[in-house]
Each structure stands twice: as structure tokens, then as C-alpha cells.
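Across the two complexes that follow, subunit A remains constant while its partner is subunit B and subsequently subunit C.
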Partner chain A sequence: MRNNPFNVTKAVDFSDEQIARTWVDFASDNGGFFAIADPTSPMPRILLGGKGSGRTHLMRYYSARLQRLRGATSSPKTEGYIGIYLRCSGLNAGRFGGKGIEPEAWQALFVYYMDLWLAQLAISTVVETFGEMPELIAQEDAIARLVAHAFDDFGGELPSTLLGLETRLHGWQRELDLVINNAAITRRLDAIQIRAARGRLPLAVPKAFAACVPDLSEIIWLYLLDELENLTDEQQRYVQTLIREKEPPASFMVGSRLYGFRTTRTLSADEENKEGSEFEPLRLDRFYLTHESEFAEFCRRVIAQRLIEEGAVPGQRDAVAEQLDGFFVTDGERDTSFVTEEGAERKYFAVLARQLETHQGLSESEAAKVIALLEVPSKPLLEKLNTLLLYQRWNTRTSMHSEAGRISKLCAAWRDGKATGHYGQKVKHHEPDMYAQLLRQYSRQRRYLGLETFITMAGGLPRNLLIILKNVYRWAEFNGEQPFHGVPISIAAQRDGVQEASSWFLKDNLPLGVEGENVERAVSRLGALLRALHFADRPPEIRMTTFSVDPSRLSLAARESLRDAERASMLLTEDRGHRDKNDASVTVKYRLNPMLCPYFDLPLTVGGTLKLSTGEANAVFGEKAPEEFDRIRRARVRRANVPFRAHRAGEQIDLLSDVG
Partner chain B sequence: MLDYTVYYRRRLDLDALRETSRDWGLFISAYNDSERVQRPFEAVQSATKHWLIHREYQFSAHEVPTCDAYTPAEGNEADFWRSYVDLAGVDLASQELCIDATGFMRPHLAFLLVLLKQAGVGRVHFLYTDPERYVKAENTQFTKGPVTEVRQIAGFEGIHSTDTSNDLLIIGAGYDHQLIRRIAEFKEYSRKLQLFGLPSLQPSMYQESVISASRAAESLGSSAQDDVLFAPASDPFVTAQVLHERVERERGRRRVTNLYLSALGTKPQVLGFALYFVTECLESSTSLLFPYAERYTQETSKGISRIWHYTLELDGARSSEQT
Partner chain C sequence: MNAEAYAMTLLGKIKTLNERLWEGRADLPAIKAWLENFKAEEEPYEGAQIQALYLLSQFIFFGTREVRELLRALYRDQFRYPVIEALREANEDTFDVARLHNLYEEELRQTRFLGVGSPAESGTHLLYYFRQENGLPKSVFVSLAGLYDRRIDDPTVAFVDPKVRRIVFLDDLCGSGTQATRYSERVLPTLRKVAERDEFSLQIDYLVLVAQRDALANVASNTDFDRVGTVLELDETHRCLSPSSRHFHDADQAEQDHVNLETALRVASEYGSKLWPEHPVGWRDSQLLLGFSHNIPDNTLPILWWDQPPPAWIPIFPRYPKIEA
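Right, the complex of A and B next:
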């Protein structure tokens, strides 16, 4: 069995050498990633993104190790910066708390600890990168002394070598580690001397090198602080303080998962860092979504690179990228043969007949006459559409027979190539949804086929695409196929792979703690509501995965879940604020992440927007009991099903009320 | 050469437990609803017996024993033991001590070894009782409610290196895939190895734990699926030995920049991880990590299979030549 080329889905599973060798740039004609997040910019950048947005991949690419591997360090001026990469999780920040010790003492200790850590990293990075430079070797003594002078109390003899300096810094870090460790038992922070003022060391190291080695004075010393989500709110405030108080030649690029980015407040008199003033944010997944064609191109090249790297497909990357679509079976003409194969009777007409008799008071023969007008025996999709058009006229004063007659004429005219306007428009709008309904009514699964579909489904997160392909490949092999060799990957393998990837996304992207539980509940409720409406007799909107809501009117719990669901990339914000013409409310549009659509049997392409009332949104996103949510969901769905009324006689539901 | 397997380990039945326990000064067990926790406690004949009540089980006052039972104050594992020692007025170092590991929370069990080592305790006894089965096989959830925090266990916090280029995480895999996933994600960048309990406590349990771990496959990444370790689920000493040998092998290949351990499997394996740490890893770039949940299930198993008695010596590991 061959290796699955998509087994590795995370940057962390790649060595530095692999990252360097397999690097794929984004829209390289327009400057690529260096233009999107310029590492030489003195303005600090905050890279935000959902899990799998490629943030760590990018930040590692910017690190000095990778700079060395791509031969960019023969001279400091080649790329104009040096990348000092730190994973915040390496600080094991959780230990700076509790143990019967005041939070202020922990905060001071964390700040000092992080300063020592950054200073060591900066020294080791520059020595590994430019340690052979004659000017640096000649100035080692002076640099070490300059850094030592940045301490309020260096204690003992000043170091004359960088190794000596590093050893002293490491010794102090080790002392702190021991004290922190022992505090679990002693409940004291014994004999700690904080030897340097807050934030001085990470800035002192670049300054000392720049002062002594002219070539190093003209470059940016970029601290790449990744995995910020591993720091607490208070600890993140220190990172914000570093950003605020940075001095040339140092700068910062901070990477964080969206839901782990907690504050822009600093420790400098509690001031807040402002976008555009103290830092520039870049939300990678949103950037990808707004650069759709470039993202698709980027994805194709990533996949091609993988296939070539694993020996699955030979050739040049761009040429392989061009061939990718041919490796998958895709939907051609919408196949409805499964309907005709089951005989002349149509399930949807059987349902309609019952509805006409029950709710319109028609006799069996009258109902049959109405249905006969809607029939197009060779085209079940048109029959479904005709049924929908009848539902759209359900509560008019005209008789169902007249309405069906009008629909029949429009349909016939359209089929004859005449009078295509209104009916043709309806076909275009509703055909995908009607096809989905047909599939469901005949117990067939919806298909999500082809690379283009998978790229859409990834929702701007490259890892999602790799996980879809990993699962599709696995299923294809399991089914005895030879993926990417000759025969295109089957519908079955694609369908099963997509379903597995979709289920994984829901479970794997939940934030820690109660927030995760709340998000899971909210997304499951939203999915259930959208699915029920999508398969209703008269769906309120076409291809419905987008909804709008006025967050300011929601209960606190609902607002928080909505926010957390967005931060966990379960929801994508489509429109941050849109004033309603009728009631002056400011609604925000969200879209269910397309990765979740197969899980809920929903379409991938964006259609109409479902407007959720405050009560409905509170039921979906708030902490209401399941029965209460079900009651509100049923009421909403009832409006979309025959006889299209919100509630049964005697039932009192005020959907617009704020029942949060 | 270090050899943990020479330590003392034997199987007992309840009668033998009755006899053996007469030599113990203090016996401590963590209360829960399982038969395998309650029956050994009843059988033990030590001079003093104490129940400890974990708040994480969320028992109400009328559900727990009132005699010789202590509910330590809220806080982490270090606070738990400090509070118990204060409440009960006991000196853990001055008497022959036996702990029934079966009902304890894993971090609390691990911390005890550091505490005893620090207090100069040379030898401590542990009991562990195998269940006949877990109530919902591979779907048994030991945690109830979400993981709220992932961090180092108090006392196991290490002195870490700023170089994270070859960090290694060894996960003692248990039944709870949520825990495996959270740990793997916490040290996402590290290379990961899984240690499975084999032989398992019961024949079906190995398969069940593998099924459970496979649900966290995406978080574990490719390294953890290609390379797995095995140690008997009921043997802390072989567990420590396997860790020792594998880490030595890894270090022989390339410097391990930071080593992270997480014991999510059986309690004997937790003891094995903790024993390895206190013997070889104190004041090194090694930590023991744990994903903490707010609540735990009061009863996860049925029946009693075997009772194990282990004697851990904390005053230094033995070499095979010494025995």
C-alpha cells in the first residue's frame, strides 16, 4: 500500500527541511506571503486564524532556521530581517499561578521569566545565524557587556563571551524554574531577585548587536511569538506591552488562534493597543476567503506539491495542479434516474395529494387532477419545482387547480423554449435545493464531489482541505481503488471521506471548557434548524447556510456562544453590520462554516439569508432547555411546511419576543 | 543499568489483603461508588484508615462516609494533600503508609509521590484493584464535563529549554479520547508517542483503548500512529522501565530538547510515569502534563478482578546488579 500523501496535515509534523523544500507561496505574482505579512515591517503584526489556517507554517517559514535553509542568511541584508521564533506553549505558562501565591507576584515573575527566555532565544538565534561574521566575532566581548549593562543588577563579573552571557541567563532561568516548581510544596516564591526592568532584555539584545555590528543594525529583529492562545489574559497583556513599548530594531509578529486571542490591553497604565496604530491585524482565513481564486490556485499547488513529493504523481508542480480535477468523479448532469426506476408513482406527489385533501379540502380525484397538471414524467426535477411553485401559491384565493394549470403552462412554454423568463429564473434558483430534496426523499445521500467542491468546503483553512483529501484517499484505498492513478476517485470514496472530515471538524475545533460545550450545542441547534427549513415544503430561502441576527438584542449567554462559535471558526462572518431598513436594528450576517455542511446535509454554495428573530436566536445560541429550543424550531419550521402557519390553533408563540 | 522491574509487586485476594494490611500504620483511599474501591477498604486492617473525598466526583454530603472521611479544601493537587494533612493531623512520613490508587484522580496520585519523596519517605505501598469491566466499554467516559485546563501537574514542572526543536511527548493512552486530544493539542508541535496498556486489565480493554485513541488520531498527528509503546496496564514498574528505555533510545538518536509525559491510562501506569519522573527527571527539562476536567464519573467499572500490591521505593532506583 502506498503512503497517503495527505497523512501530514499540520506544520508541526513537518521538519524545517520539509517546510523549506515543499514551500508553496500565495499569489506569488503579487509578492506572495512576504507582501501579505511583511516580516521587515517595523509595524507589529498579529496573525489570527482558525485552527489549520497555516499560521504556524508561515511563522516557521519566517524563522531564522528556515531563513538559513533557504540560503537567505549569507548576508543580513538578503531578506532584511532575522526571525526569532518562540512557541508560547514552551513557556508552560500554566504554572505561573495558584499555589497560595498572589497573582501580582506571579505576574512579575512571568514577565521576568519571559524576558530571560526571549533574550536567550535572540542570542542563540543570531549566533546560529550570523555567528561566523568576522565583525560579530570581533565584537563579542562588547556585545555581551552591553547586554549585561541592561540589567539593574547583573551581579558578579561581566561576561566576555556570548556563551558566557547565555550561561548566566540560563542559570537565572533555572533558578526561577526551581522556585516555581517548589512553590507547589513550600507555597512561597523564595529568594527571587528580579534583575532587569520589565521588557528591557528583549530590546537590549538586538540593540547591543546593532550597536556593535553595523550590518546587523539595518535589519529588523523580528520576534515571532506563536501560539499566543496558550497564555492567560494577564500574560497576554505582557505581550501587548512588548508590542506597545517596542523599539527599533526589534519588532513583533504574534500568532494566535482566534478564540485564544483575549486582549489588546497592556500593562502600561492599562492602555489598549489600537489596530493601525500599535499593530496591524491579519486574519488569514478571512484573507483567503476574500481572495477566492488565489486561494483555490494556492490549494491546487499545495496538493500538487504533496502528490509529487510522495511520488504519487510525476511532473512539474504547476502542470500537476492543472490535472487535479481529473482525479475525481464529479457531478455531470443531475442524475434523477433513481426516481423513475422506482416506478411511475412519485413520493412527492403522494405527499402533495394528502396535503391537498387534508388542507385544501379537495377530493381524491380533484387532487389527482391538480397533480396531473404538475407532472413531467421524464423530468422529476421539474415536477419537484412545479410542486414548490404550487406551495408558493398555497394560501392565495385562487383554486389549486387554476394555480396548477398556470404552472403547467409556464413549464410547457419553458420546455418549448418560449417565455423562459419567470419559470427559467425559478429553475435556476431552486434546482439545487429541489435536487437535494429529491435525493433525500429517495434515501440518497447528497454528494459533495470534486476538488473545487473540497476547496469551497475548506472555508479558508488549508488544513481542512488536507483532511478532506486524507479521508477521501483512505476510503478510496479501502474500496480497492488506486487514487491518483488512472481511474478517478469514486463517488462513494469522496462521499465517505467528506462526511468523516465534516464530523471531525465539529468535534475537533471546539474550544476548551464550558465554552466548547456551548458552541457545540449552538452549532448543532443551528444545523438542525437550517436542515429542517432546507427540506421543508417551501424553504424560506434558497441554499440556506447564512443567517442574520442582531447580536445586541440577544441574551448574554447567546451573545457569548455566537462570539465563541465564530472564534472557533464554526461560523464565518459575512457582513459585520447591516442596518435594517424597517426597524433600525443592526444585523450581522453569519454563515455556517462549509466544512459543517455535509454533517448537517446542507448545500455548500451560499444562497439566501435566513433572518432569525431574537427569540429564535436566543433559543439556538442561548442556554435554553432542549424542549424549549424544539418548540421554537418546530414553530419556525411549521411556517415553511403545509399549511404554512406558525402555530396550531390555540398555541401561543411570540417568536419576536426577547425570551432570552 | 537502571531496572525498575525488580521492585516488589504481587497479587492479593481479600483475605491476603486483610493479613498484609495489619502491618500498615495508615491506609488512604479515595471514595467513589465502585465496588473495587469499597471492598478493599472494608478488608484493610491497618491501624488507621482514611477516606479522602474528591470534590470532582460531586458527591453530596449524604452520599459519602462520615467516619474517618476527609474532604480537602478546593484547589489543585498540592492544595488537596496539604489540606488533608492539616485536617487529619497526620504525618505521612512517620508510618508505614499504603494508598489505594484505584479511586484517586491521576494528578493527585502523581503529586503524592513528589510530596513523599520531598518528605524523605523511602518506601510506600500502593494497592490497585482491576475491574471486571468498564461500564460502557470503549465509550466509558471517566471525565464528566469538558476539559477546562491543560497544565503541568504541580511538582512535576521541570526546567525547560528555550530550544523546542525536538520536544517529545509520551502519552499513556487511556479510554478518554477527549483527554488524549487535549494533551496532544497542548503540545501540538512536539513529536508524539503513545504508550498502550498491554496486556490490558482485561482482554478486551486493549482493543477498546486503541479504538478510543483512534478518535484522537488527527490531533496526535502521524508520528504517534506509526510508533507506539506497550507496558502492562497493571504494572507501574514495567511502565517506568519502558519509559526509561525509550527515552534513552530517543536521546541516543538526537538530543530531546524537552520531554513531556502525560499519564492518561490506568492508575498503575500513572504510578509508573510518576516513579520514572521522581527517579530520573527531577530538575530536568521534563514535565508531567494533565488535562483537567471539572467533574468525574462516580462509577465507571463493574466487579473486582485482581488486587495488586506494589511497594515503591523512592530513595533511588535500583540497578539490576543490586538485586
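Right, the complex of A and C next:
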């Protein structure tokens, strides 16, 4: 088997060289990532995003190691900053707590530990990067002494070299490690002497270098703190304190998953950092979604780069990026031959005939006449649309025969090119949904084909796209195809790869524990409801994957699940607050993550918004029993199916007694 | 779940197995070609293909990586540890690592590892990897002929290295015990004769990567090996078509709807009897569903590996047949 070019989907699994080789800039004509998240800005940045938004790739690209690899460190002024990279997960933050020791003591120890670590990191990074600068070599003694003076008690002789300084800091850090590791046995931390004031050291190092080496005073010393979500709330307050108390030439760029960014409180008298004053947030995935065409272009380049790197496709990146569509079969997206192949009888007309007889009281021959008016034998998709139009007029006073006659005329006129207005609009709006219904009625799976579709499905997370392609590639290979070599990847491989990626997304993104169970239940219920409505006789909206709800009216459990589902990227927020014209409620619009749409057999593109009542939303997101959810779902779906009534005769459905 | 959807589920599982464990040996075109075998003109029953597909999804494959891991475990657990244990017992339960190390090295120098069967057979084939994985010197590996200083029918035959005190025979599978028993009868008498004549005690071990419990017990009690050992012991539940088969135990609803032991047994037996009438479900009714990267044992269902005409049969995991001299 050949090497799958999309096997690695996490930046942490890449070496520095691989990070450099697979790097692709975003909209480079407009300044690229350097313009979006400027590493030379003195304003601290918080990079937020779902799993796989590319945060780590970006932050590692900004690190000094990568700066060196791309030759950007011949002079400090080349890029105007030096990136000091730290992954918070490497800290094993969980060990700074418990063991019968006061939280305040742990807090002080954690702060001191981090101060020592960041100071060492800054020294080693600058020495590795600019250690050959004559001015730096000449001033080594002065720099080391300046940093040492930042301690309240350095103890012993002051170091005269940077190596000596680093060794002392490292030694103290190791002492801390020993005390922490043994705390469960000793139950004490008092063997430790905290030698410097909180947060002083990480700022003192850049200041000392800048004071002694003029060239280093003109650049930003950017601390890149990645994976903030691995720190506890209290530990995150330390990072917020650094942000608040930062002094030039230091600055900070902090990366975190959206749900992992838990506080803006600092340790400085509990003050809170304010967005816009102390830091600027950047939601990477949201940014991508609002820059759709640039994101698509970016994705194409990422894929082209991977294919070239793995030797799967030769050529220059932008040229390969332009050829990518040709690697996937996308023909037959609206192919309906499977309908005509099954004979003259249409399944949807058979259903309609029964409905006309049962609910409209027509005789068999009368129903047949109505259906005859809707027929377009060579165009099953138009027949489906005509059926939908009849459903839309189901409860009017006009007879079904007259309605069918009217639809027949509109259809014929449109087909003759005489009239394109109303009927043409209907074709445009409903064709994708009607095609999906046809596939389902004829036991065919929906197709999600082609690169554009995959990019839409990725929902602003580049890793999602890589996961889709990884699975498509695997299926193609299993099917005996040679992906990206000659013959385009088959429909079957794309379909199965997409389904597998979709299932993976659901499992991989669920939070742990009870929260995860609640989110899984909520998303499954939402998917079931949307699917049932999507395939109903008269779907309430077209291409329905978006819904609106007023969260303030929901039960606590439902609100929490909704929040957790959003944090886990299962739901994307489309509109944070929209005041309803009719009842003054403030509704929020959410969209099911497109990665999940194949799992629920739903469309990828956004259409109408389904308005969920409080009761319905509580049933979906709350802890209501499965039977209760089913009852409410059935009531909602019944309104979209013949005869389009909320409840059967005699059945009591009280949709308004639904708060809580 | 209809049959088509269930087949897709099985194919999904097989795809994962193929990617992760089967070293890419069974892709979809190969599976389709193999399934064609089950479209007999006069199909004895319906749904043969789905039964076959299910059996394939249960196939246990030891790829190169797994075989190497088994070889490490075999050496460590069945040779090194027991030898060290015996050395400690004979030396006042000493914990003196340096002393034990020297004693073990001496013990190793007096040992020879051989493959069961001819040099072209799998037991012998394993020796190269066994040596590599366990960092053993070439000097402790020898062919059967190379063990002796002259022809074995010469009454004065002796070992080339007169210090040899332990012979270890290695094999990949003990499925029925036939080969080990046969080997014991053919090879061990000469070894014993040399030891007896030259008045030294010779330990002869039979170590195997995977073994059926009953077969190994048979070898232990009915042959002249001093010790038998394995890493992975199979039991009755591994006989895939037996009433206690693990492959049909705890079947979920989808499986119960489409596959069952009785039908799978009929499929395997009836097609198997056309291929290898004497042993339709594997050598001596072994009913195994396993294979190694270097070969598929004949104890495995023939419907998976048969590739000798007649009849024309496309295998999914071809077996390289043993050419009997």
C-alpha cells in the first residue's frame, strides 16, 4: 500500500521540518497569517478554535525554531519578533494540587514554577537563535547579572554567563519537581523558597536582553503559550496576569480550544482582562467560515502541499491545487436513472395515491387522474417537485384535481421556457431536497462528492478536511483504486469515506463523562428530528440544518447541553442574538456542524431555519425520557406529513406546557 | 438492517482489518473475486456469500509485526525465563545478576535452535526473525544436518559441537500436533541415541507461537519432547464452526439476522468438501480461522486459502502449499 498523504492530521505529530514543509499561508495576497494574527503586535492575542483549527500549526510556525528553519533569523529585524513556544500540556498541570496542601500554596508554587520555566525558555530560545551575535556575546555577563537582579534573593554568587544563569534556574526548577513529586508523601511544600515576585522573571529576561543589546530591543519577544485548555481555571489566572502585567518588549499569544478558555480573571486583585483592552481574541474557525472563498483556496493549497510532499502528485503547489477537482468523480450528482430503471410505476406517486384516497376521499380513478397531471415521465425530479407543490396546497378549499391542473400548466410552461417565475423558483429552492428524497425512496445513499463539498463539510476546521480525505483515500485504496493517480476517486470511495469521517467526528468530539452522554443524546435527537422533517412530505424549510431557539427559556439541563454541544463544535453558532418580531424573545441560531450532516443523512449547505419551540428544544437538549422526546418529535413531524395536522383525532398534545 | 447494509457493515470492518492488520492483502477487488466462488450454479442454500464474508471478518492474521512480537515473547517466556529460573534454583536461589548472566550465557552456548520441518518450511523460516528479534548469535542456530558431524545413519555420528546439551525446535502453529508427533518419531531417536551413547543429558524442547490446547497436550504426552510451550494457546472456542465457537457467541441482532453457525458450517463444509474432500474445514477438522504473514496453515478453513485446481477457486489468503518430497 502507498503512504496515505493525509495520515497525519495533528500538528503535534509533526517534526519542526514537517511543520515548515507543510506550511501554507492563508490569503497571502492580503498579508497572510501574519496579518490575521500579527506576531509583532504588542497587543496580546488569544487564538481560539475547535479541535483541528490549525492553532498549533500556526503557533509552532511562529516559534523561533521554525523562524530559524525558514532563515528568518539572520537578523532580529527580519521578522521583527522572536517566538518562545510552550505547550501547556507538557506541564502536567494536574500535579500542582491536592495532597492535603492548601490551594494557595499550590498557586504560589505553580506561579514560581512557570516563571522559572518561561525565563529559561526565553534565555535558551534567544541563545539558540541569536547566540552568535557579537553584541550578545560581549554583553553576556551584564545580561546574566540583570536577570539575576530581578530575583529578590538570587542566593550565592551572581552568574557571569547565560549558561551559568540557565543552569541555576534549571536547578531550582528540578528542586521544585522533587518537592512536588514527593508532596503526596511529605504533605509539605515548605522546603521551597520562592526567590522572585510573581510574574517578574518572564518579563525581566526580554528587558535585560533589550537593555544590553540594542538590536534585540526593537523586536517583540512573543511568548507562544499553546494548549491553555490543559491548565485549571486557577492556573489560567496566572496566564491572564502575565497578559495584564506585560511590559515591552514582551508580548503573548495564547492558544486554546474554545471550551478550554475558562477565565479572564487575573491574580491582580481579581481584576478581569477585557477583550479589546488587554487582549484581542481570534476565533480561527469562525474567521475561516466568514472568509469562505479564501478558506477554500487555503484548503486546496494545504491538500496540494500534502500530495506533493508525499510524492503522490508531482508539480508546483498552486498548479496542483487547481487540478484537484479532477481527482474526484462528481458526475451524476442529479442522476435519476435509478427511478426510470425500476419501471413506469413511481414509488412517490403510489404513496400519493393512497394519501389522496385516504385523506382527500378520492376514488382510485380520481386519484389516478390527479397523479396523471403531475407526471413528467422523463423527469422524476420534476414529478417529485410537483408532488411537493400539491402537498403545499393540500388543505386549501380548492380540489386536488384543480390544484394538480394548475401545477401541470406551470410545469409545462416552465419546461417550454415560457414562464420561469414561481415554478422556476420552486425548482431552484427544492431540487436538492427532492433529490435527497428520491434517493431515499429508492434506497440509495445521499452522495457527498467532490472537493468543494468536502471543504464545506469541514466547517472551518482544516483537520476535518484532512480526516475526510484520509478516509476517502483509505476507501479508494481498499476498493482497489489508485487515488490521485489517473482515474478519479470513485463515488463509492467518496461516499464511504465521508460517512466514516462523519462518524469519527461525532465520537471524537464528544466531551468526557456525563457531559458527553448528554451531548450525544442531544445531537442524536436533533439529527433525528431534522432528518424526519427533511424527508417529510412537506419539509417546513429547505436544506434544514439550522435551527433557532431562545436559550433563556430552556431548562437548566437543556441550556447546559446546548452550551456543551456548541463547545464541542457539534453546533456552530450562526447568530448570537436575534429579537423575534412577534414575541420579543431573543433567539439564537445554531447550525449542526456540517461534519455531522452525512451521519444524519442531511444536506451540507445552509437553507432555512427551523424554529424550535421551548418544549421541543427542551425535549431535544434536556433530560426528557426517550418516549417524551418521541412524542414531541412525532407531533412536530406530523405537521409536515399528510394530512399536515399536529395530532391525530382525540390525541392530546400540549406543546405549550413545555417550560422546564 | 437489510442484507446489503449488513454486508457493507462487514466490509467496513474488513477494510479496517485490512488496513491495520492484514497488511493490505485483502482489498475489495480481491474480496469480490473470492466471493464469486460462492455463486455456484446450483447454490445449495441462500446467502452463502454473506456467511463467507462474515467468516472472513473473523479471520485472525498475524502480520510481520505481530509474528516478531510473538517471537520475542516465545523466547522470553518459554526459554529465557524458565532457564534463568532453573539456574537460580540450582544456585541457591541467587540474585547475583552478574553470575546469573554468565551462567545463562553458558547455557545459551550449549543450546541449538532448529526449525521444525525442512529448511523451506515455516518453522525454519521463523529462525531468521527469531535470531534478529532476540539478538542471538548465529552460532546457536543450525540445521538438523549441520548438528551432526557425519551422516545420521553412521553409528559413530556425534554432534559437531560436543558441548550441546539442549535442542529447541521452533514452529509457528501446532494445530493438530501431527507434524510435531511425526517429527518426534523421525528425528528425536537419533538425538537421544547420541546423548545416551556419549553419556550426557540432552534436553529437547518444542516451542510454538500458537497452539491448540488439545494438540499441544497430545504432543506433550505422546512424544519424546522434554518440554513443550507456546505463547498463544487456542481452545475449543477457536474452532470457528464448533458449537462453542467464539465467532458466533454474543452475536448482535444484525449478525443473528444474517449469519448463524448452522448456515456458516454448511457453507464452509459443502464448498470445502469440493476443494479438499478429506479435510473440508481444515486439516483434521481443525476449523481454524487464522494465518501468518509468511503462510496460511492448512488447519484454517480451505475456503479461505485453497488455490490448487480442481476446482478453480480464487483464494482470499492464498496458502503456499507444502511440496512433499
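A few comments on the model shown:
Basically, the second predicted complex is superposed on the first by the 653 of 660 C-alpha atoms of A that agree within 3 Å, B and C clash if a C-alpha of one lies under 4 Å from a C-alpha of the other, contacts with A are read in each partner's own complex, and residues count from 1 in each chain.
The rule we apply is simple: a contact is a pair of C-beta atoms (placed from the backbone, for glycine too) under 8 Å apart; a residue touches a chain by one contact, two chains touch by 3 or more.
A quick note: this is a predicted structure, and the numbers were derived from the prediction, not measured.
For subunit A, the partner touching the most residues, choosing from subunit B and subunit C, is B. Contacts of A:G100 after superposition: subunit B is touched, whereas subunit C is not reached.
In the superposed pair of complexes, A:D496 makes contact with subunit C only, with no contact to subunit B. In the superposed model, A:T456 lies in contact with neither subunit B nor subunit C. In the superposition on chain A, A:Q120 makes contact with subunit B only, not with subunit C.
Look at A:G90: by the touch rule set out above, it reaches subunit B but stays clear of subunit C. Of the two partner chains placed by superposition, only subunit C is touched by A:W475; subunit B is not. Against subunit B, the residues of subunit A that register as touching in their complex are 7-10, 12-13, 16, 56, 65, 86-87, 89-90, 92, 94-95, 98-100, 117, 120-121, 124, 173-174, 177-178, 180-181, 184-185, 187, 227, 230, 467, 504, 508, 512-514, 516-517.
Across the complex, subunit A is touched by residues 12, 15, 18-19, 24, 27-30 of subunit C.
Across the interface of their complex, subunit C is touched by residues 1, 474-475, 477-480, 496, 500 of subunit A.
Listing the residues of subunit B that touch subunit A in their complex gives 75-76, 78-79, 82, 111, 114-115, 118, 145-152, 154-155, 157-160, 162-165, 167, 181-182, 186-190, 218-219, 221-223, 258, 283, 287.
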